[in-house]
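In the two complexes that follow, subunit A is the common piece, with subunit B as its partner first and subunit C second.
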Partner chain A sequence: MIPLLILSPLILLAALGAVWKARPVHAALLLALALALNAVLYLVIGADFIGLVQFMVYVGAVAVLIVFSLLITRPGDEAEEISRRPRSLLPGLVCTVPVLAVLICSISRVTTPSAGEAPAFSVEQLGKALFTTHAPAVVTVGVLLTAVMIGAALFARDPGKKPQTPSDP
Partner chain B sequence: MTPLSLLLTLSSLLFTLGLFAVLTRRNAILILVGIELMLNAANINFIAFWRYGPPDPELTGPMFVLFSIAIAAAEAAVGLAIILMVFRHTRSTDLNKLDSLHG
Partner chain C sequence: MSLLATTPFLPMKLEFLPRLPQMLVEVIFHRLGAPEWLVSIAGFIVAASTVVGVFMGGFALLSLVERKTLARIQNRIGPNRAGWFGILQPVADGIKMLTKEDIVPAKAEWLLHLAAPILIVIPSILALGVIPYGREWTPVPLELGLLFFFSVGALTELSVFMAGWASGSKFPMLGAMRAISQMVSYELPLIISALGVVMVSGTLSLPVIVDKQAGFHLGFIPAWNLFTPWGLVAGLVFYIAAIAEANRCPFDLPEGESEIVAGHMTEYSGFKYALFFMGEYLGLFAISGLGITLFLGGWQAPLPGLGFVPSWIWFFAKLAVVIMSFLWIRGTFPRVRIDQLMRFAWLCLIPMALLTLPAAAIWHFAGRGLLGWVTTVPLLLIPWVIITVIYNRRLSPSTRIYRFADS
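Moving on to the complex of A and B:
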């Protein structure tokens, strides 16, 4: 419980920075920090494998991808972002505060039949379940990831240039 | 406060922060940052209910999170590729400037 009480405010602070920072690169790096702290949270509450996957996929791939896209697209100056912030602040709060209120109200009302902590699972258990019960889902995700890889390469390719094959002189 | 309600509160706050980013940011990449935060909030819920909810020998919670992480990675890759394509055409990732379909 105590590690949770320490980690939760840190995650929230990092996420707040990612949402509020005007300079896009800072926001992306704070997102990476929030995702890494999230991975630590998973490790602390006993979902070791999920924590490691979160670290590899989110921090290692997604956050780095976002930082690289920011470097490629050279986002606009932050003075413009700060100047229009007061205009977008009120509509943003009007939309998000009711959502938060509904969520917090429902959390405080719900009583779940808690049976203590679930035992930690081994990677072997998870792998067996993945390749027996959930085998169709694993295959589907494999097809999805292949399609995504091809699609992203097609989208990101510069149509003006022909791709060079290694056999070209 | 039980650990379950603490984690649920954390995830609802994270979700709200992500929603706020999606609604107020103008840069398409930073909107993607908000979407990632919202997806993470959902993952925290799955793990919290698996750990502190009713016993679940089938490992449904961690399984859902694994697939959700895979799909979130796919979404980020395609989203950023589309943003790069838009940037190549308009030299901007500001969503307010993308109004060529505006009547």
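Moving on to the complex of A and C:
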């Protein structure tokens, strides 16, 4: 309980900082911090696998992706600060309020398990569950990700140009 | 402790030598009447200090060996003034680094600038903690050891970016961009090539992976993962990707001295610069250690009948061989270009790494014998030949034509 009480305010602070910071890179790094602290939270409550995967995926991949796209898309105007005035208040509310509603609704429906022994868990069980009962979902996600990758490669390719050979002196 | 006293032979006692500090501290704390949790915490701290101490010593030694080896490859003598054979050179380097002025550029973000070198050392040290160095010496025997290794390694990319961005200068930014694109590209083949081992061993725990590689084929070929068709391919992919992940020559574009000074380290001086180097070398130790654990049998002896030598000696012998091969490569290969680097990762390494997965699956179900060899060798050899032919025909650098220098 005590680690939870220490960690949750820190996560909240980092997340708020990610929203409020003016410079995009600061916001991205604070977001990475919030996600990393989340991973620590998972580790503290005994969900080792989820915690490590959270760290690898969100800090190692998602945060790096955000940072990298920031650098590539806006190389010149790093100093430009995002306006603090919410210019897009209405679209923002349209996006966030339903998500919040769904989250609150689903959280309120969850029955809290009795505080006692943590359920036994192993990576083996998780793998078996993923590839037997949840196999259609796994395959669907795989197909979706492959399609996204191919699509991204198609978008990134300059249609008029052949792949250049690195032979020019 | 009782185990130490009753084991008969001296080599068996040497097996426990790296754990001696931890055992001594635990015994002393017990004698002092400390509670159980305090004893275990003290033991853990001492065990961690042992690992850090060993690899700090290794870092100092390697910095000297690297300079000496490179010097011999380039027909120079190398450092020879500080002590006999230059043996005190690391000490001299350390004193120089510690007494240098710590400069923070005016346009730098001081907090991120300070945090980056610290954050780059932490994951390397954490990763060193889960590797099994000997039969009795795994500092932290985690059940998810392999996942832990790659998870903490994910922090490196972000800290390199922080170093490059917080310096507020052009060269560090360029170096960080190069570093991130390179690390992201080469992390894929690195992790995929490790997956084959997980599939065949059926575990993520590094000590168990080493245990599964015990024994010998035909009486003298060690049953390491490297000596299987998929293991050979995966091991080679892992080796190349590990060089790129460690930012070493020929993949040292992020810090290429002759192009962008020192990349993300340009605006650092003194102790922070030393921290970057420390992180880099500790990371090199960690990733070599992981490669040895996954493919080279960890602490297992290379020949039957050599089991009496303490197992951690075998681990460090293998580590020395692997690191020397890195030095050799650094001394002989030229630096590649960024487009060659990316193309190599995405067109050669990732397809070959992906192919090792079905090969490992077939190997697992075909009984790991002759049938496995017959089915997996063509599966891997034919795509490899195709990739090599395509790569050499269309994408490799052609002979350079000197228009004006030829006469």
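Note that in this section the second predicted complex is superposed on the first by the 112 of 169 C-alpha atoms of A that agree within 3 Å, B and C clash if a C-alpha of one lies under 4 Å from a C-alpha of the other, contacts with A are read in each partner's own complex, and residues count from 1 in each chain.
FYI, contacts are C-beta pairs under 8 Å (C-beta built on N, C-alpha and C of every residue); 3 or more make two chains touch, one makes a residue touch a chain.
Fair warning: this is a prediction, and the values are worked out from it, not measured in the lab.
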(Q) Which partner chains sit in contact with A:I150 here, subunit B, subunit C, both or neither? Use first/second/both/neither. (A) neither
Q) Where does A:I11 make contact in the superposed view: on subunit B (first), on subunit C (second), on both, or on neither? A) first
Q) Thinking of the overlay built on chain A, is A:A61 touched by subunit B (first), by subunit C (second), by both, or by neither? A) both
Q: For A:C105, decide between first (touching subunit B), second (touching subunit C), both and neither.
A: neither
Q: Scan A:V25 for contacts with subunit B and subunit C and give back first, second, both or neither.
A: second
(Q) By the touch definition at the top of the document, which applies to A:V139: first (subunit B), second (subunit C), both, or neither? (A) neither
Q: For A:S88, decide between first (touching subunit B), second (touching subunit C), both and neither.
A: first
Q. Is it subunit B or subunit C that touches the larger share of residues in subunit A?
A. B
Q. Now for A:V53: first (subunit B), second (subunit C), both, or neither, which partner does it touch?
A. both
Q) So, does A:L71 touch the first partner subunit B, the second partner subunit C, both, or neither? A) second
Q: Name the residues of subunit A shared by its contacts with subunit B and its contacts with subunit C.
A: 49, 53, 61
**Q.** subunit A - residues contacting subunit B, complex
**A.** 1, 4-5, 8, 11-12, 15-16, 18-19, 24, 27-28, 31, 34-35, 38, 41-42, 45-47, 49-50, 53-54, 57-58, 61-62, 65-66, 69-70, 72-73, 75-76, 81, 84-85, 88-89, 91-93, 95-97, 99-100, 103-104, 107-108, 112-115, 117-118, 121, 125-126, 129-130, 133-134, 137, 141, 144-145, 148-149, 151-153, 155-156, 158
Q) Of all residues in subunit C, which touch subunit A in the complex? A) 112, 143-144, 147-148, 150-155, 157-158, 161-162, 165, 173, 177, 180-181, 184, 187, 202, 204, 337, 339-340, 394-395, 397-398, 400-403
Q) Where on subunit B does subunit A make contact in their complex? A) 2-10, 12-21, 23-24, 26-27, 29-30, 32-34, 36-37, 40, 43-44, 47-56, 58-59, 62-63, 65-67, 69-74, 76-78, 80-85, 87-88, 92-94
Q: Flag every residue of subunit A that touches subunit C in the complex, lowest number first.
A: 25, 29, 32, 48-49, 52-53, 55-56, 59-61, 63-64, 67-68, 71, 123-124, 164-167, 169
